Amino acid sequence: MAKTALQFLHNGRDVAIFVDGGTNLLVALRELIGDMTPKFGCGQGGCGTCSVLIDGELHLSCLTLAETVAGRSVETLDGIKNGPNLHPLQRAFADNFAAQCGYCTPGMLMAAKALLDRNPQPSRAEVVEAISGNICRCTGYEPIINAVLAAASGGRARA
Amino acid sequence: MTRHRGRGIASVNYPIGMNLGGDPSQALVHSNPSGKFTVALSSIDLGQGMKSVTRQICAETLGVPVEDVYVDTADSDTGPHCMGSFASRGTHRVGNAVMAAAREARGVMMEAAAEELEVNAADLETDGRGNIHVKGAPHRSISTKDVAIAAQFKQGKTISGRGIFLVPLSDVDPETGEMSPATCYAHACLVAEVEVDDETGEVDMVRMDSAYELGRALNPRLVEQQLVGGAWMGVSHALYETPEPFYPEPVHGPRDFVEYLMPGPGDICPHDIAVLERPAPDGPFGAKGPGEMCANPVLPAVANAIFNAVGVRIDDLPITPEKVLRAIKAQGGARPQPRR
Amino acid sequence: MPVTVKTFTSSHDAAAALSSDRSARYLGGGTLVMRALNEGDISISTIVRASDHAMTRIDASGSRITLGAGVTFARILAERDLAFLHGPARSIGGPAVRNMGTVGGNLFAPVPYGDFTVAMLALDAMVSVQGGLGGREIPIDEFLQSRDRQTGTLVLAISFAKPGSTDAFRYRKIARIKPKGGAVITLAAHLPLNGGRIVGARVALGSMAPTPIRARAAERALEGRALDTSTISAAAAAAVEGTSPGDNALASAWYRREIVGVHLKRLLSGQE
Amino acid sequence: MLELRKDLFADERDDNLKEIGKGTQRQDMLGHVTGTSPYFDDHKLQGMLHLKVVRSAHSHARLRRIDTSEAERSQGVRRVIRASDVPRNLNTLLSLINFGKDDEPSLAVDKVRYKGEPIVAIVADSPREAFEAIAKVKIDYEVLPAVFDVEDALKPGAPVVNEVYPKNTFTYHETYDRQQLRFGDADRALATADHVLEQRYQMSPIEHAPTETNGSIAAPDTNGRYIVYTSTQALFFSVDTCAKILDVPSNTFHFIGGTVGGGFGGKVDTLTEPLCILGAMLTGRPVRYVFGREEEMQYGPPRGAERIYIKDGVMRDGRVVARKVRAYFDSGAYTRLSSYAAVKCAAHLPGPYTIPNVHGDVYCVFTNRTPATAMRGFGVTAMDFAIECQMDKLAHLVGMDPMEFRILNAYRDGDMKAHRREAKNTALIECVQVAAEKAKWPLREDFKRMSSRKDGGGARAAVTPTPRETQAPPTALSQQRTTYDRAPAATREPPPPPPPSSPPPSSPPPRPSAPSHGAIRFSSVFGTRRR
């Protein structure tokens, strides 16, 4: 099977892999690079568990043809910590008990990061909109919304 | 267009553990030479918080800080048998097994400490901060770490414990149904407030108020997770979900998360919860289990609230806008009931 | 057979590759084609891409607006000149899908997807396609009627006249789930006013037929009249005429017929 | 928002605890927020193969011929697995606790009984190659009439779904087509009740929809064992099920579950593990079998549908004196766990209320749909919906406040439950009182003062005389009680009066519509009629 060479920035690090035709970015990240933080939830674009940032924009890695990220920057949950320190969103999710089974958490955090990167002080409605493409089956969303709002106001307190 | 508000209630109870019993769970607890404990389970944490709640049970029973306990789950080579995570059996069954194992391990730990302090084990107590001391004489103390080192390298003792919990299997009388289904029950009552659009049949949740009695809230934050998430699932079952929208005709089944309906983050409503604790005589520290029962009162409370709002009874789940609209049309329009 | 990816710099070459291979699909935002591949659709064995910049261009400066087929919904939302389309664009997916999904791909999205196309239909858009035999412009309703046969053609762009006023164009997606849900029905109306009377009324409906359709009876009820209560009632009463909705997981055909008039009335009268 | 009502039942608790009762952070939270909690699919194994199954296109059909020759030659295919390759193809989940007969094949043999039933498994180098091979499997079906409605399935001449249970009902105690509950004389009490209300309730199936689909990875380990990463929510249940189906000792397997991405009951059935391990056994390579989302939604087991008929007798003063229930669990094509749910449902009757005459018949019925399984609140959720809607209607019928109506009928410590065990440790009344307080729902003073710990037992502890039915031969019963139970009190007459200190409301609030005199019978089945 013919493979295509693919080079891109993975959480700030240059990576090069060979992909089969039609391989999606989720498979490339998990099986070829070994970054298990994005999860498979549906492969249909309906659940958001595979969410990553491509050049800072929220994308679904399961619907992204891997070779389209050549030369671009791909950020996953694995890259949002600052060294050993948790990202404020990670801390806020923990403090607000915003995870139960934890499976939607990576995608939720990426969706929330995409929001706060552009809009550091969102309203509740904006938070709801930002996570609307991500399914959580455990929490009822309330603690997740609260966590994102807390991370936003925490950022303001520190600024 | 008119939107009508209504309130409805439901009260329920729920049996804890596998029906009729016969569902054992085991646990092993052991310490390392630093006085840190590992709980080995084959039980599964699927988000409900099994690891966390058994960790607290173990720490409380041993008399050590929770940080000194780590719970390892879901391994058939290292974890002893457990029936599984279902039927609200995690906290009650596995919790009891962990408690029994921790009690046995504590016995050895206290014996080892007694030997080091040259006193009778019955005269010792733990301070919950990692020390064991003589009752009434806190200065005659030894750390769990030093006890563990002494037990391991000097006394040749294993600070460890085994635990099993089994409610024996009971039989059922086929004629009368006489049986012993469960040893304890959790309880709940929930008030739902809805708003119904009488032109489209759409139902919006306005708020929920509830009281849940679940033995003991071993960890209130975990209880809150279950109750908030479970009530959301209850709303979802009441108004949205089904893989067979035209049941019993097996057609148009949803294939993805757009076709399978569950309330989104924009559909949720405030939920004010009270937790009551009437300890179960056979529960670990009196705990029952909130995981399953939390969704159940929501479904009928929502149905009853819809009746209160527009005067129609929908006895078919899920209560879709179509069913509400058909019923409103059949009765010749909305008939709001006395507001309560 | 493994999947082959073919990337072209010109849309012309991409169109040729697409029309010559029955197993080829054009990859826009990926929400349709990648999903099909993930779900094991083995009828697709070639993916065609084009890096032609014309396909991602937005021309919204004049009275006629052109959106390249590869324009994403997020880009429409970022464009102030396209404020009247922010409602339809925001009704698509969640943020990630809006960063990926394209105007061109939406033309092919089956029920319960394809809401943006309903807006395009109400704006009498023209679809610019490149086929094996060259390029041409097709009225959108004609395009939609023959959609099943269009997989071998490449959509380049979509264009339409900008509504005269912000009030002239209205859009509403009725979904069970908020804020992101599949459509029970989708409604769009373009009601240009001339001397207080509606001239050239367009009402488009999604999920009321296999593809988005015009509600021609409702349009007739609106044409030449002022948008008052009696006109709105007449249009609402006529909304269901000529529709052929189906049952699906989101609602039944019966329900769609029952509520289409209610929602058209609310849309036209500006009710929540 | 959550409030702990420490003031209630404080005398029954020792709150002097150090770790219990604290809102300690979850042990797994750091893993969750960093994306490092291990799920079954997070294991990357060298040379992993992919398993997909060919699913039935029909709800009910005979399999005339299965031709896999072309699929076997398809590119990248390592192995085609057929029913004959499965050592013990027929199983039923609860055989592990000796309940029910083996009725479900891992791969269909001569017949398919639901749309989507697995027939052939393909193990290939890539998912794409597995999908391509699936398209090359040729199956010749003889389509059979199917039955989808639980009551249709019980009619004479209905298609037989599962030959193991030719009457389309699970067999209890080797004789009964249902689980019965008989407590007192419901028919007699209904005949003398002031009002009788009969209603029908229906719950359609519900999908667990965990964000992580069902799946497993199996790989040959050293020493001839197999390591299995799995999404199961019952590890040893799955180990023992696989050991039985694959006919090897259970210590052949090392199951590792890690974290599960949501279960809700849908990951008990061990749907992927047996074929996944068999694939690893037959190829000597690691094999991964993960459900796609559509597979999970349509062919993964749902919470089964239930249809429930309730007929209640209620007195003018609000006491429910009889409850007669007929419930049908739609098990789908195979038993899985529905047989167990039906017993749990019977035990749950008549809900958390003290009703002196209860009559229950709960059926586990087979239809040609995806087999149902456990889900959060299993066996109880739909019955609670039916009972609580019914309670609301009864309150309305007698013109009582629905909260006070529930308090009046609530079970209390010392009461006899319909399954003939004493009620203990009850707290329904307090829940209603606190919920009313939260919701600012007015209760009258005497209802605010009532308690689960007062006025129970006594006459309410009696077992009302229950007529024996002779339709089914009584079987010998080795009754075993748990240590938590006492024997039921000796039978006494008459049926229990309402609690002594809580007389029925003397002046009930205005009654909305239904007359409370000149007894009326309402039936959703037969309409309203006077008697």
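So that you can tell them apart, the chains are marked A, B, C and D in the order they are listed, and the count of residues begins at 1 in each.
Keep this in mind: a residue touches a chain if its C-beta (ideal position, glycine included) is under 8 Å from a C-beta of that chain, and two chains touch if they have at least 3 such contacts.
Treat the numbers as computed from the prediction; the structure is a model and nothing was measured.
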Remotest chain, chain B as reference, centres from CA atoms: C
Rounded Å distance between chain C and chain D, as computed from the means of their C-alpha atoms: 44
Separation of chain B from chain C, taking each centre as the mean of its C-alpha atoms, in whole Å: 47
Inter-centroid spacing, chain B versus chain A (mean Cα positions, whole Å): 30
Whole-Å separation of chain centres (CA-atom averages), chain B against chain D: 17
Multi-partner residues of chain C (at least 2 other chains): 2-3, 37-39, 179-180
Multi-chain contact sites of chain A, meaning residues that touch two or more partners: 20, 22, 42-44, 46-47, 97, 100-103, 128-129, 131-132, 135, 137-138
For chain B, residues contacting two or more additional chains: 46-47, 49, 221-222, 224, 228, 230, 233, 245, 253-258, 260, 262, 264-266, 271
Touch-based graph of the chains, sorted into line, ring, star, complete or other: complete
Residues of chain C touching chain B in the complex: 112-113, 176-182, 247-252, 254-255, 258-259, 262-263, 266, 271
Chain A-facing residues of chain C, complex: 2-5, 27, 29-31, 34-35, 37-39, 47, 49, 74, 93-97, 99-100, 179-180
Contact set on chain C toward chain D in their complex: 1-3, 37-40, 42
Contacting residues of chain B [partner chain C, same complex]: 1, 199-201, 240, 245-246, 251-255, 258-267, 320-322, 325
Footprint of chain A on chain D - complex, ascending: 25-26, 28-37, 39, 41-42, 44, 126, 128, 208-213, 259-264, 290, 292-294
